[in-house]
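A, B and C are the chain letters, set down in written order, and residue numbers restart from 1 in every chain.
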Amino acid sequence: MKSIAQKEFISTLRDRRFVVLSALVLALLLTATLVGRASFRTLQRERQLAQTTVNDQFRNQPARHPHRVAHYGSFAFRPRSGLSLLDAGVDSFTGSAVYLEAHQQNSVNFSQAQQSGSLIRFGEMTVAFVLQLLVPLLIIFLCFGAFTQERETGTLQLLLAQGTTLRQVAWGKIRGYCQAVALVVAPALALAAALLFTGEEFASNTDLLARLVLFGLSYAVYFFLFVVGSVVVSARQASSRAALVTLLGLWILGGIILPKATANLGASLYPTITKAQMDAEVHEEAQHGVNGHDPHDQRAAAIKAALLKKYGVDSEEKLPVSVAGVQMAAGEAYSARVYQQHFAALNATYEQQNRLSDWAGLLNPYQAIRPLSMGLAGSDFTHYVHFQQAAEAYRYGLVQRLNGLQASMGYGDKERRLDAHTWRELPVFAYRAPNLHWALPHLFLPVAALLLWAMVLSWLGLRLISKTSIA
Amino acid sequence: MSYLLEARELRKQYPGKLALRGLNLQIAPGEIFCLLGQNGAGKSTTINLFLGFVEPTSGAAFVNGLEVAKNVLEIKKHLAYIPENVMLYPHLTGLENLALFSSLAGFQYADQELLDYLTDAGLPPEAARRRVGTYSKGMRQKVGIAIAVAKHAQVLLLDEPTSGLDPKASNEFSELLRRLSGQGTAVLMATHDIFRAKEVGTRVGIMREGELVDVRPTATLNAQELEQLYLTYMN
Amino acid sequence: MRVFWILFSYEWRHFRAAKGLVLLCGLLLATGLYGIYYGTTEIERQRQQLATLPELTHRNVEELKVKFPGPTDAGDIGYYHSTFAVHHPDPWAALSLGLRDVNPTYVKLRLLGLHNQLYASDNTNPMKTLTGNFDLAFVLVYLLPLLIIALCFNLLSAEREEGILTLLLAQPVRPATVLGAKLAFRAGIVMALAWLLSGVGMAWAGVPLDIRVPSWLAMSTLYCLFWFGVALVVTAWQRASAVNAVALLGVWLVLVVLVPSLLSLGVAAARPVPQGIELTIRQREEIHAGWDKPKTQTMNRFFGLYPQWRDTTIIRERFAWRWYYAFQHLGDQAVASQARAYAQGLQQRYDLVETLNLFSPAIIAQTSFNALGGSDLPAHLAFQRSAARYHDSLRAFYYPLLFRKVDFTHADYAREPQHTFTSQSEMPTVRRGLSKLLLSVTAVLALGFVLVRRRSILPH
């Protein structure tokens, strides 16, 4: 078995076509890594600069009324995750900046996709793209003749006459091909790791290291699937031509047609509403109460009455707190709660849409590795939602603090301002991307799908091989 | 005297191998010329040169007085060809294959005529309407023969045509060749079968390493003598 | 010619017998029909969503009528009243959705500063936008070449590998005629599929019968011909079927995947876009600084733009709406050149892609289909310009009320300007695309013919 692996490995390396193709793939991988890092750095710098700018602007405000400051607001810029230079995931299609202000939750704007023409729809040259689609293609070209060629030249009979079993031949071949693939992919991943960890921003980041290790492992399983799958197909098909055509057909189906079809089907099955509609509903519920029997004006009046009662006074002027500030805080709390419900419902719908594709991962390894890879890289939808929620939490906290400041100003606050140093004491937005521990539970399905594929292929596929015809 | 097939100083150089070293050959109407020789002696190259499938390095091949290299399309109207292993469209029936190849050669036959050609070549009538994919090698060979006959060509080029045929069918094929040569067809046949060459051929040529080393009329020697001659050249 | 037709008619029999190919054609037809279905329903969904917007405006107005029962300061209405600028799709967009799912199809506008409203995005599922649309253009640009590859990768090599070619070429048949008949037959099938799908798509989407119908058909035809040209070149090379398959798929990969993604990188690097976020930050600074500046300074700057209001009374009160809107207006003015630069930068990116798309017919076809559908970046930029003009018209409607201190009455809601915008096909882009595609087709077919002539086709 070892000698078969050795033979496959050596003859692969001697095959000029393989050498040319793998040099090409390797070159693409390296380009993608370097380009990924360059664009990562540019974007990261831009966003960091913008975040520092708005933070400084916020801290250096002149004396203002706190509600003015709440309307002045701030911005949250989404920093890119470290591994997104390997897999940009949905990053190009999500906005990068959200304006945080009182009373309303704004959309995250200025996505990369909005800043380019439809060319971006052809796909982006990232490491993940090369690993997910081009390396499998390389594997197919490498392995389609694994059995058919031996059968066509009659060497399979010779091998078996030496006392080896079909299963041993198959495993030997799989091992040899795996070595050859590792030779192409490993340098690129090593370079990526080196690039990542020499950058000062990532030095001694264990979370990133763990993510990178899992990233590498997942792709190892993914490539193994393709090697085994190709060898099985090669064993079951009558001719090399048929094996190649079958494998290429499967590649097209799995890599291009199915992902698109499931994503589109998901969007058709679970429709969502527009932001305009959602905002209108949030506004309506905030105004008239979630159940429609609790209008905003009544709530405001109740708050005033409660305050008067609490402090045992009969007019607003005698209160130690600003009624408007307290009412504003209550209104913000109410509308934020309503918004959260709608936001959760919207995201639940998106998750439903995406789940169709995730389940398709059980049928199609590409649709298993894609979410897994993005999830590990921190560039998937869940990480994006995490950012949105962090931005909203910050917005809410900031606005409520400002409302608190306003309340504490007492009656007649509108005529007065708070000192400029007040703003320096407020926290600024600093986003901490979630760690691997948080991300892993979301990735259960794709991990299970990949492992299931690996087990089924190794077991069923090899059983099929041992039943295959020899001549 | 006009020859139907003629080779003048025909040379063919493949990368790393000289396949034919200045072949001279004339075959007249009614002649059956059998080429004997081991694998790689240049028999198939000679036939391929007459077919225009291969371009000569120097020299020229003529079919019915036309230089092959300059009249690639025209000469194919004058010759029919049966390869060693006749391959046909597997999803068409024998009849349909014959109809296709005949129509390409410019003959439109009625179904019954096509069937006659096939049965004459020895194919059972019920097989003619089956898909070729179900045929044995011998049956395909018979369709190949029918295709060649139905073309009514003046020249017949044969490359081991009887391989895969049973002895009875081989004999019938020899009969057919004699009949055609009687009608003035010139036949060039590459074969390993010394006895059949002696039996059906009017002349035999022995090829070795791209050269025609000996040519004899078959009437001048019997089968044993021919075999002896062949073996001396091979050693 | 006679031989050509014999071969052509037998190709039909060969094709019928090849169950896999028939299945593949059926599959492409099915995916094409799904693409049409998806595209039309998606556009229908967008239309329905846009149709609900007037209802939202109506609800907003009803609420304001309750909030302000009598005539009121127009400034209050301008602040609380929102309306929509809407980007209606052209029927052709159903066949080529372009970026209609990435870019918002409406903008919610209030009388406040334009630039912190104009770039708001809609709810989108980024996983879905990342994966892209399964529309007819996708089927034609991506999948049709794959069908052509499947039909052509063993054009002559199958006959050669099965040994049939010897007998075929022993007949008085020009090899080029064999090749021609086979190509013509396959081109016939593919063209029929492309035209059928296009026809169904056009009927389903209900497109108007104008110059765009032949443009779309010509575009699909030329694009198919290009791929047949590639198949011809590879066939003329006369390698084994497996090598042909690899070569053809390699060309597909390079032209449909690699060149576009590398071009995308190159264009982004060559035409850096001034960041949109910078402009919104700057605008916020300008607007909010307005609160802290002396009112006369703000108003004098504003009167520089609108001298007709110069004679209005001096603002002595702590707050006046016209002052508020004046500094909102000045905030927009301050970033006007940045906003122009941003839009121009995006347009330049698009233009550069259009210049460079000669490298890949797939990009030419996709760009042209999107241009036909009015669903690419230029259409969105045109919409944004239109929305900006609409915002101007809102200002023109409210400013006289504000500065002449005329109260806003309930009847004024109906007098407020409305916006509508329907994307236009970018016909110059389509024409340029057609001529470039014609050029590519000519080049690749010429190369194919030269190769077929040079390298005589042999049975072995």
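Quick notes on this one:
We adopt the following convention: a residue touches a chain if its C-beta (ideal position, glycine included) is under 8 Å from a C-beta of that chain, and two chains touch if they have at least 3 such contacts.
Nothing here was measured: the structure is a model prediction, and the numbers come from that model.
The touch graph of the protein chains shown is a line. Chain C has the C-alpha centroid lying closest to the overall centroid of all protein C-alpha atoms shown. Chain centres here are means of the Cα atoms, and by that rule the chain farthest away from chain B is A. As a whole-number value, the distance joining the C-alpha centres of chain A and chain C reads 25 Å. Taking each chain's centre as the mean of its C-alpha atoms, chain B lies 63 Å from chain C. Work out the mean CA point of chain A and of chain B, and you get 69 Å between them. On the side of chain B, the complex with chain C involves touching residues 51, 53-55, 73-74, 76-77, 79-81, 83, 85-92, 96, 100-101, 103-106, 144, 147, 151, 157. Residues 31, 34, 38, 41, 45, 49, 52-53, 56, 59-60, 63, 84, 98-99, 102-104, 106, 108, 116, 119-134, 138, 142-143, 146, 150, 153-154, 161, 241-242, 245-246, 249, 253, 256-258, 260-265, 267-268, 273, 275-278, 280-281, 284-285, 288, 291-292, 346, 349-350, 353, 362-363, 366-367, 370, 375-377 of chain C are the ones that touch chain A when the two sit in their complex.
Interface of chain C with chain B (complex): residues 3, 6-7, 10, 13-14, 17-18, 162-164, 166-174, 456, 458-460. The part of chain A that touches chain C in the complex is made up of residues 17, 28, 35, 39, 46, 50, 53-54, 57, 62, 64, 68, 71-73, 75, 77, 89-90, 92-97, 99, 106-111, 113-125, 129, 133-134, 137, 141, 144-145, 240-241, 244-245, 248-249, 252, 256-257, 259-261, 263-264, 266-268, 271-280, 284, 287, 346, 350, 353-354, 357, 380-381, 384.
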